[in-house]
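Two complexes are shown next, each including subunit A; its partner changes from subunit B in the first to subunit C in the second.
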Partner chain A sequence: MARNPLRDKVAIVGIGSTRYGRDLGRSELALGLEAAVAAIRDAGISPGEVDGICGTGMTPLAMGGAGFLSLQGALGIERCTWGKNGWLGSALVFTVEAVFSGLCDMALLVQANVRGANMSRSAARDPYRARAARYADVGGDVGLGDFAKRWIHSGEPYAAIMRRYMHDFGVGKNAFAMMAVNCRTQGTANPEAILRHPLSLADYEASRTIWDPMQIADMDVPCDCAEALVITTAERARDLRRKPVYVHAMSLGGTRIGEYYENFAGWRDNSFQVAHRGLWERSELSLADIDLFYPYDGYTMDAVAITEAAGYCGIGEATDLFRSSWDASRNLLMLDGRVPVMTGGGGLSHGRAGGANLYAEAARQLRGDLGERQVPGASAALISIGSFFHDPSAVVLRA
Partner chain B sequence: MRLSITPDFAALEIARDAWSEPFWQWGEQGEVRMPACLHCGAFRWPAGPFCPSCRTQEVEWRPTGQARIHTFTILPISGEATKVRMPTLVEFDDAPGVRLVSVLVDADPDTVAIGMPVAIDWIAASNGKVAVFRTEATGDRA
Partner chain C sequence: MTEPDDPAVFAYFHDGHVDRDNIAHYRGLMRSRLLVNRCNECGHWIYPHRPLCPECLSFSVEPAEVSGLGRLYMWTLIHQSRDPDKPLATPLLAAAIELVEQPGLRYLSRVVGCPPERLRHDMPVQLTWIEEEGRRWPAFTPLDMG
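Now for the complex of A and B:
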């Protein structure tokens, strides 16, 4: 076992979410502030108690957008002893680190997402069409800035990796299709889901090809949205109005390939695998204790690889696992016959929130007050967010 | 039949640096060479200042042997029923660990498969030449 001194010492005590929309006509900061205010109210604390902020961004100190300093200024929070930006899975991990280490006591985590502002109005109505066109006829920029390492868009290496997965394991797209259909079914119970109508396996098959073999149904839905969490110590959490959701164990992951997508080191040696190994070495709970599973679905390839890395099946075996976990009457995955995957619909249905919606959904489920889509008796959740290459987290939250 | 396009690289400014410079110079002579560590022999790509295996600096630029497709994707081009773009990743028989990303050109995507040998062509960019891949069969016909 690895050390895990932070076990159950830090808790989520406030959750705030904005509407999800394809074109809300609002800035990242406006959305982030709305979510922040909602989370602070939900926690029942005074804004002045916030003394640390994790904002939105891949660059830890970047300002503007919904970066930590812009949020602090706009919220009028007098003093913070900690601030940083985070992205994908790392944002929550950074925030929990900061509270656990004592650099702050009441941290606000905000993740805001807006679809590309440079798109036209018609593109805003149909983001896929705009994106496909934009990348399909780009001429001379294979290797933007650095020919040796760049792809035009992250979808290209992901599509190429998906093809390699199918080749290496001799499988078709069944696992990807079942994940996509499952998330869309889960999304039907979420009033905020952008794609709230269900998808069938036949619909998946018929969906448009974007980067062959990747189809539109394999890709999350771009949208405008924000999520915010208030995170504090377990001691402080016990005095607050909301039932605390504890961070039991967590890990990040990285490998020697660094940032070079094309040097992808394979199925056994990628960041998802490293993050989950790191998690299970630190967690007292094991997979058998997990009631809810949230594998990030920026692309279905992510969710499939995360399911394997989590340990639900061996590497390359997701197709068989999903077949045996498939509830055909409801078009839903139930792992081991009991674990729902991606309640709320995830990125494929609810919308692309960089995974922040998975943290928020899991925490709400563990509070036990999610109404219609509440999973009865859920007491532990595994949330894994990020990519094969950067910002992969694996986190166990418990009630 | 669909065919993969050759992008126009004429305006592309290649970011050349001290570590990758020999790659581009060999390319101008129509040859692929990759940096191998003088100390442990490990290939290092993308080129960089240190060997990730033994942490030394010196390299020699070695021929890479036959290139083969590691994986690829096919992008439809809007409004063009018969044209696609094919970002492709290749590996080399004599340079283990190296993968080069570019586009596969003049290929019928329905005939392309992982493992297929490809030839390397060099196409003019604004300040050098860029490698593209060509299926051997197509190359023979050309």
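Now for the complex of A and C:
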């Protein structure tokens, strides 16, 4: 017998459909939105009750159509703790599993289709369909023919956000510098780290400016790498040779800002904040139980904002927190005097793995077999990976 | 001056993602007018150009011209280009301009007529137009307080 623990546990409560036509003269997003609004009205809920979205597409980002980020932004849904794109039969399955697992309670599934430019001769002559096909399902540097689209899934706005952070909270770059130096110090104990030599605060200050005020020492190290994890049920895990590491609680976090980063919603309403609120609402462990902390460091701005979102300090207070957590003799952060940050060195030292190396490092620490850089007695880790705008996870793993 | 038709807009913006939800905006740019979608029911401004008002769920959305007044919300000075074949001769400024029409309504643009070291958060700016490789684009310049 296969397991079916979700039997009768999930139901469809609203349905919305658009007209069907050979040429309705509408964008894929417009069609998806019409169906979405109709389904929301049919269910008798408000858009704000939606906390998970499965959009249309086979890529995780959401450009060029009715992807989950564009849908959330267009519908003005303030926060979601789950989001994904799907297509064909998988889309319903993704959505049901998200609801069943508790990652969201009211999921919206939207599948929009248009007659593609490659599907008929008349469609191929339609400039709208041709242009949509050219830009479908891609992220980053899209539409650079128009400067106003330059910050779609771009890194540059993080530099502007960094400057805005310093302005809004009246601080300098100390928090960013300490995070960068900390990760490089942690990386010295990782034989696989791309940058295994330490960085001093003076080195940080002297590092090259890339996107003013962001410097190269604020940015993770591009590299070739891969990480993989095998994940199974707790029951099955008990019979395997390795000590299991359990997923205790997790959340995603999306906001209505979507993929146009100039619309950054500020310090209280960004995806890091949503994900961590979602996590702590689901977790029985709290910050006091966490022994290891892995704030994604694609840019130091991410790691600083994640530290604040996790609840180690208030928004804008990382500078004071890091100063009081700084071990100057070792150039290391120790939060609350006991929690190391980013063992293994993270993206700034070990290398740019999209955060996957943070999950792997945390799991190895919790198994207790990391040799020289093992943190003795570590039994719970907080790993938070993603961006202000899309796909942030907040995960508690425990031994 | 007559409105450019759809083929003219597609041809002019041959390298951009023109779609049915933003073509009126691009048509406006060709005539040096900055248009942003606005809800006919409740007046809410909608940017990026989407066909639905998130405030009242109305699909009655129409492009309207903005005043061109705003404030500098945030900016970065790009020293290094991603493309090694196109190094930057001088750093490139990218600035998010918060338009006066609505809190949080921002347009990514350039600031001209002001050296980077004199930029300040929230400084008032106004719309102007710049020429770049044969096309006119919106840009912003410090508001003349005189």
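By our rule, the second predicted complex is superposed on the first by the 250 of 399 C-alpha atoms of A that agree within 3 Å, B and C clash if a C-alpha of one lies under 4 Å from a C-alpha of the other, contacts with A are read in each partner's own complex, and residues count from 1 in each chain.
Just so it is clear, a residue touches a chain if its C-beta (ideal position, glycine included) is under 8 Å from a C-beta of that chain, and two chains touch if they have at least 3 such contacts.
This structure is a prediction, so every number in the text was calculated from the model and none was measured.
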May I ask you to decide whether A:209 touches subunit B, subunit C, both, or neither, giving the answer as first, second, both or neither? both
Query = A:164 contacts which: subunit B (first), subunit C (second), both, neither?
reply = both
Chosen between subunit B and subunit C, the partner touching more subunit A residues is C
Quiz item: Which partner does A:75 contact after superposing on A: first (subunit B), second (subunit C), both, neither?
Solution: second
Note to self: If we overlay the two complexes on their shared chain A, which of subunit B and subunit C does A:260 touch? Say first, second, both or neither.
What the structure shows: both
Ask   = Does subunit B (first) or subunit C (second) touch A:200, or do both, or does neither?
value = neither
Subunit A contact set shared between subunit B and subunit C covers 132, 135, 141-143, 145-151, 156-157, 159-161, 163-164, 167, 209-214, 256, 260, 262-263
Within the complex, subunit B is touched by subunit A residues 129, 132-133, 135-143, 145-152, 156-157, 159-161, 163-164, 167, 209-214, 256, 260-263
The subunit B residues in contact with subunit A across the complex are 7-12, 14-15, 20, 23, 45-47, 52, 70-78, 85, 87-89, 97, 99-103, 109, 114, 125, 130
Within their complex, subunit C touches subunit A through residues 6-7, 10, 13-21, 47-48, 50-52, 54-55, 57, 59, 73-80, 82, 91, 94-96, 104, 106-110, 116, 121, 137-138
Residue set of subunit A touching subunit C in the complex reads 25-27, 29-30, 33-34, 37, 40, 47, 64, 70, 73-77, 127-128, 131-132, 134-135, 141-151, 156-157, 159-161, 163-164, 167, 208-214, 256, 258, 260, 262-265
